[in-house]
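Next up: the structures, one after another.
Next come two complexes, and both contain subunit A; in the first it sits with subunit B, in the second with subunit C.
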Partner chain A sequence: MTSITSTGQAGRPQRRSAWRRRDAATGYAFVAPAVIGALAFVIVPLGAVIWYSLHEWNVLANTFTFVGPQNYQDMLSDGALHDSLIASLWFSLGVVVLNITLSLFLAVLLNQHLPGTTLFRVLFFTPVVVSLVAWTIVWGFLLQADNGINGFLAEFGITGPNWLRNNVTAMISVIVVQVFKNVGLNMVLFLSALQSVPEEIQEAARLDGAGAWRRFFSITLPMISPTMLLVAILTVVGSLETFALIDVLTDGGPGTSTTVLVFYLYRQAFEFNQFGYASAISVLLFVIVLALTLLQWQTRKRWVFHES
Partner chain B sequence: MSPQIRRRHFLSMVGIGALGTTALAACSGGDDGDEPAAGPVDLRMTVWTASEDHLGLFQEIADAYVADHPDEVSSVTFETIPFESYTTSLTTQLAGGNPPDLAWIFESNAPEFVSSGALVDVRETLSGTDGYDFEDVGESALELWEDGDALYAYPFSNSPFVMFVNTDRLAAASQPNPADLIASGGWTYDAARDISAASVAALGGAGLVVRDFDYMNWTNLATVWGGWDAQPWSADGSTCEFDSPEMVAALEWYQDAVFAKNAIPGPGTSADFFAGDTTMTITQISRASSLDGSFNWDIVPLPAGPTQQENIVGQAGVGVLAAGQNPQAAANFLAFFTNPENSASLSLYFPPPRESLLNPETLAAGNPLFSEAQLDIVVDSISGATTKPSHANFAQVDTTARGALDAMWSADADVAAVAADVCEAIQPLLEG
Partner chain C sequence: MSPDQLTPERPTAAPASAAPVADARGSSPARRTRRPFGSQQLGRAALVFLMIVVAVPFVFPIWWMITSSMKSTSEILSLPPSLWPESPSIESYRQVFELQPFAEQYLNSLYIAVLVTVGTMAVAAFAGYAFARIRFRGSNALFVLVLVGLLVPSEVTIVPLFRMVNSAGLIDTHWPLIVIPILGAPSVLATFIMRQFFVTLPGELEEAGRMDGLSRFGIFARIALPLSRSALAAVAIFTFLKSWNLYLEPLVYLSTKSNFTLPQALTQYVDAYGGPIWNVQLAATTLTVIPVLIVFIAAQRQFIEGLANSGLKG
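Entry: the complex of A and B
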C-alpha cells in the first residue's frame, strides 16, 4: 500500500514534469518567430548601432577606428544637431497636437448617426493607404509658389505665400501634410473607442442633467483614455520617425528649418558618410523615443481610466 | 522560476543572439576582397544612365571584352542607380560590404573619392595597355582625377553647358536672336536677362532658367558667376570666396534678375524649357534629347559677364573601387572600355576627353539634332573649359552652403550679408 502510494506520488511529478516540458517547448515554438525576428531586426542592429557609435567609420577610406565616446562629445558642440532637435520639437509638437485634436474631432463627428458618415470615414481614411511618396509629391505640386493652392487663391485675387520657401510656412506645411496623411488612422482608433462607450452610462448622465460638454469631458474622454494613450504614443513615435516627407517636400530647408533629427541622421550617414557619428545620433533618437514613451507610460495612472 | 532555470534561459537567449549575430555577420560581411579570384570573374559597374541605347552600347563593348578574355572575365553587369541618389547609393553599397568593381563618379565628388583612397590608381594600366594612346587624352580633362602621379579615374564624359534658346518665343516677343549678338560682342548676361524679361512681359511663361538649379543645386550657378570671374572657394579649396566682390556682384545680378527684372523664375516656380514655355535655358548638350520638335530652337555659347566669357563642363569619371573584389581585372576592363575604338563609340553619347575625337564630325554621329555650326559651338565650349565646383569635403560643403544660400532667395535679401554668412558656415568645412 505504502509502495503503491509512493509510486503514485513519484509518478505524478514525473508526468507533470514531462507535460511541463512539452508545454514549454510548444510555448517556445510559438514565440520563436517573434523572438528571432526581434533579435535579428531589433536587438542585434541596436547593439550594432551602439557599437558603431563608438567608432569613426569612413566608408570611402574603408577605415573603422575605435574613438570611444568621441562622437557623443561631438554632439554637444554640433550646432546643426541642436537646430535639428529644435526643428524636431516643433514638428512633433505640431503633429501630435493637431493630429490628436483633429482625429478626435472627426471621430466624434463621424460617430453621429447622420447620413453620409460612411463616405466621410472612407474619405478621411483613404490617405492612410496611399503611398507616402506619392502623397508627398502631390502636395509638392499643391504647395508650389505659382500653382496648386496659390493658383486657386489667385483666382480670388489673393497672393498666397511661397509655402515651402519660408521657414515658418515650410514647417507648417510639412506638419499639415503629415497630419492629413495619418489622421484617418487615429480617427478610426478613436471611433472604435467611442463606439465602445456604454450607452447606458451616457443615458444615466443625461437623466442626471449633464449637458453634452459635461458628458464628453466627464464620461466619454475618460472612457476612451486608454485609446488616447495608445494614439499619443503612436503619434509621438511616428512624428519623431518622419523622414520621407521631409526628404521629398523640403529637403530639410529652407536653411535647416525642417531638418528634423531623423533627416539630419540620414544626412550624416548617407550624404556625409559619417556613419559612426550618425550611429551616435540614432542612439540619441532611440533614447528620446524611449524616454517619451516611458514618460507617457508612467503618467498614464493619472489620466488613463482603469489605470488608477 | 529558480535561479538555475533563469540562468539557463538567459544563456539560451544569449546563444540565440550570438547565432543571429553570426548569421548577420555572415550575410553582410563577405571576405575582405584582398584575395583575387582564381578563375574568370564577374565585374559590376554602377552607372546613372538608364538609357537603353547607352546600356546597349556598354553591354556590346563588355561582351566583346568577355569574348576576348574568357579566362579573366566571365561577365560584366551595368547596374543603373537613379541620378538623384547616385552617390548616396554608391557609398551605401560600400558601407554594406557590397562594392561594385567600377563606378561612375560625379566631378563634384572627385576630390573626395581621389583623396580618400576609395579608388585604385589606373594610370599604369591605362598607359601600359597596347594601343591605348594615353597621350591623346587631354591633360586638363585628367586634372580633377589626379593626385601626384596617380590617376584615379578616366573622365569619359565632358559635357559642356550651353544656352538653348527658343527662337519661336524670341520672334513672337520681337527680341533679337542671341546668335546675331555674338558677332557684335553683344551676347552678355545683361542681354540675356533683358531679352528674357521682355519675352516674359510679352508672352508670359518663363525667361531664363539655369536648369537643375531649382534654388538647391547651387553649383550649377557656376555657369553664371564664371562671367564675373568668381569662384566659390580658392583653387586649393581652403578659403571661402563667396564673399569676394566678384561673387557678390554675380549673385546680386542673379537676385536682381529674379526679383526685380522678372527675367528668371523665382523659387518654387516650375519652368521647363523643353515644354516650350521658357525663352532660354543653360544646360548640358545631352539634354537636347528632350527636344521634341514642337518649337524652333538654337544653341549659343554661355554669355559673357562683365569680366569674361567662361565655358563650363560637367565631368563624369569612371574609376575602379579599391574595395572591389577584382581591382586589376576591373582596371584591365576599363582600359578596354576607354581605348580609342571604344571611346569613339562612347562619344556618340558622351563628349570624350580624347583630343582626336573632339571634333564636330565625331560628335555629329551621336547628336543628329545639331547642325555643324552648333557642333562647332559645342567643341569650342569644351576646349579650355572650367569644370563645375568640386571639393574634398563636397557633400558637407554642398549641403551647408545650400542651407545658407536659402536666405538669398527673397526679394529683400541682403546679398552681401548672406554671402558672408555662407562663408562663415562653410569655412570650417573647407579647412576640413
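Entry: the complex of A and C
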C-alpha cells in the first residue's frame, strides 16, 4: 500500500491509505459518545458499587469506613434479606410460569387464522405500551377491599378477599398485574416462532394420524423450545428488575411479603441511608442477572446453530 | 366485532394448522373430511368467543380507568360499581391541574422523553454504524466495553450514579434523566440494534458512494442512515416509552413537585391520610395513557415489531 512507484497510478494507493487513516479517525469519533458514556455511566459506577460494598457508609451519619467483606457477612445473617430473596423467588417463579403459559396460549390462539386476529393482537399487546405506573394504579383501584373487582363479585354474593392486605393474595396480585402488563411482548415472540414451524412437518404428522394435542406437544413445542428458553430468561431478568409495580401497588407489604430484592435494595439505600450495605445488595443483584444473561447468550448461540 | 364473526376469514387455512385447543380429541384425516362443515365453524366460533373472554383483563382496566375518571367522588365509591358514569363530568380533570402543577409535569416528561429519544438515536446510529462498517484498531474491544451495559440493570448502579449526580450538584434537576439514558446503559440496546442492522447493508452501496467522492460521514448520512429507517423507528419507539415510563430514577433524583415527571406525579394525588383520590388519580392516569395509546393504534405494526425486536435482542 505504501510503496511508491513512478507510474501514473501512483496516487491511487496512496490516496486509498490516506482515506483509510482518515476513516479510522472518523470511526473513533463516531463511537466516542457511546464509549465515553459506557465508561462514565456503566464501567466506573460498576467498579464504584463494588468498592462501596466494602465500606460502612451511612449518608446521614456521614461515615465512610473500609470494612472489607463485612457487608457480605451481614447479608448472610440478615433475615429481612433472606425474606426478600424468597419473595423475589416466588415472584419470579410465578411471573415466568404464568407469563409463559398465557403468552403461549395467546400465541396459539392468534395463530389459528380466526376472524379478528389483528384486532386481538393489538388488544393483547396494549398493556405493553401503557405506562407501568398507570397500569398499576388502575389495578390498585380494581383490587380494593370493597370496590372494583370485589364490588362486582359482591353482585353475585361472593365476598372477595382483601387482595392487597393478605400475604398470599398480595403476592398473587403483583404477579398477575405484572404478567398482564407484559404478556403481549412474549406473545409476539411466540407467535413468530410458531409461524416458523414448517407446515409440512405438521401435515406429515397429521397424515400419520397424530392428533392436535400430540402434534402440539411432539412437534410444535420442541421446535419452539429455544424461543421458550430465551423468553423464560428474559422474563426472569425483567421480573428481577421490577420496582415501580411493588412501590405503587403494595409498598412491599403487607409486612414484607412482597418486598422483592430490588425494593429491599431501594429501602436500604434511600430510606435507611445504608449506602454501603445497599451496594453489597446491588452486587448480589448484578451477579444474579449476569448469570442469567450469560445463560441466555449461551442458549442463543445454540439456537442460531439449531436454525442453520 | 360482530361483523368479523359473521364472515369466516380464510376458511381454507384452517385444516393444515388445526387448532390444538379446538379438536382436543385429535382427528384422523378421514374423520376430519367426513365431519360436517358446520361443526368446524362452530369450533372456530367457540375460539373467537374464547378470545373475547381472554381479552377482558387486557381491555377492562383501560375502560375502567376512563369511565371511573368521569365519575363523581361519591359515585366512584358506590356499590354496585357502575360500568358507565351516571352523570359524566370532567370535574376530576379540573382537579388534576389544580392539585399539582400537572401541565408542567406533563411537559417535563414530554421534553425529557423527546430529548432522550433524539439523543439516543444519534449516539446509537453513529456508534452502531462505526462498529458495523468502519475498520479501526480496537473496535472489537470497544464494542465489548459498550456491551457491558446490557448486563447491568439500572438498579445495580443507582447508588454510585446518585452519588455522582449529587456531587455534581445536579440533584433535583432533569440532567441525570436526560444525560445518563443517552450515554449510559439504557442506550446500549439501541446501539446494538443499529449495529445489527448496519452489518446487513451490502458493501457495494458504500463502495459506490466512495467512488463518487463521498467522505465517510457523507456515506453514513446520505446512504446508510436513510436505509436504516425501520431500525431507527424501533429504537425511537422503545426509547421514548422507556423514558416516558421511567420511575425509579425520577424518584431518586427529583424532590420538587414542579420538577416531577408523570409516573411519579400520578402517585401524588392523595388525601390528607395518604389514601388515593381515585377519580382524580385516574383522570391524571387517563391523560398520561391516551396519547400513547392513540399513537400505538395508529402505528401498531411498527410498535409491536419494534418492541418485540428490542425484547428479542436485549
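The rule we apply is simple: the second predicted complex is superposed on the first by the 247 of 308 C-alpha atoms of A that agree within 3 Å, B and C clash if a C-alpha of one lies under 4 Å from a C-alpha of the other, contacts with A are read in each partner's own complex, and residues count from 1 in each chain.
Throughout what follows, a residue touches a chain if its C-beta (ideal position, glycine included) is under 8 Å from a C-beta of that chain, and two chains touch if they have at least 3 such contacts.
Fair warning: this is a prediction, and the values are worked out from it, not measured in the lab.
Three-chain overlay on subunit A, with subunit B and subunit C in a clash. Once the two complexes are laid over each other on the shared chain, residue contacts for A:L109 go to subunit C alone; subunit B is not touched.
Look at A:A212: by the touch rule set out above, it reaches subunit C but stays clear of subunit B. Of the two partner chains placed around the shared chain by superposition, subunit C is the only one that A:A244 touches, whereas subunit B remains out of contact.
In the superposition on chain A, contact is made by A:L123 with subunit C only, not with subunit B.
When the two complexes are overlaid on their common chain A, residue A:W135 makes contact with subunit C while staying clear of subunit B. Comparing subunit C and subunit B on the residues of subunit A they touch gives the larger count to C.
When the two structures are aligned on the shared chain, A:N147 is found in touch with subunit B and with subunit C. According to the touch criterion, the shared surface of subunit A, contacted by subunit B in one complex and subunit C in the other, consists of residues 35-36, 39-40, 43-44, 146-147, 270, 275. Residue ranges of subunit A in contact with subunit B, taken from their complex: 35-36, 39-40, 43-44, 47, 57-62, 143-147, 162-165, 251-256, 259, 267, 270-273, 275. The touching residues of subunit C, counted against subunit A in their complex, run 1, 4-5, 7-10, 13-14, 16-29, 44, 47-48, 50-51, 54-55, 57-59, 61-62, 64-65, 68, 76-77, 79-81, 122-124, 126-127, 129-131, 134-137, 139, 142, 145-146, 148-164, 180, 182-185, 187-188, 191, 210, 215-217, 220, 241, 244-245, 247-248, 251-252, 262-264, 266-267, 276, 278, 281-282, 285, 288-289, 292-293, 296-297, 300, 303-305, 307-308, 311-312, 314. The residues of subunit A lying in touch with subunit C in their complex are 19-20, 22-28, 30-31, 33-46, 48-49, 52, 105-106, 108-109, 111-117, 119-135, 137-142, 146-148, 151-152, 154-155, 180, 184-186, 188-189, 192, 199, 202-203, 206-207, 209-216, 220, 230, 234, 237, 240-241, 243-244, 247-248, 262, 265-266, 269-270, 275, 278-279, 282-283, 285-286, 289-290, 293. Contact residues on subunit B toward subunit A in their complex (touch as defined above): 16-17, 20-21, 23-24, 88, 91-92, 94-95, 112-113, 116-118, 215-216, 266-270, 322-323, 395-396, 399, 402-404, 406-407, 409-410.
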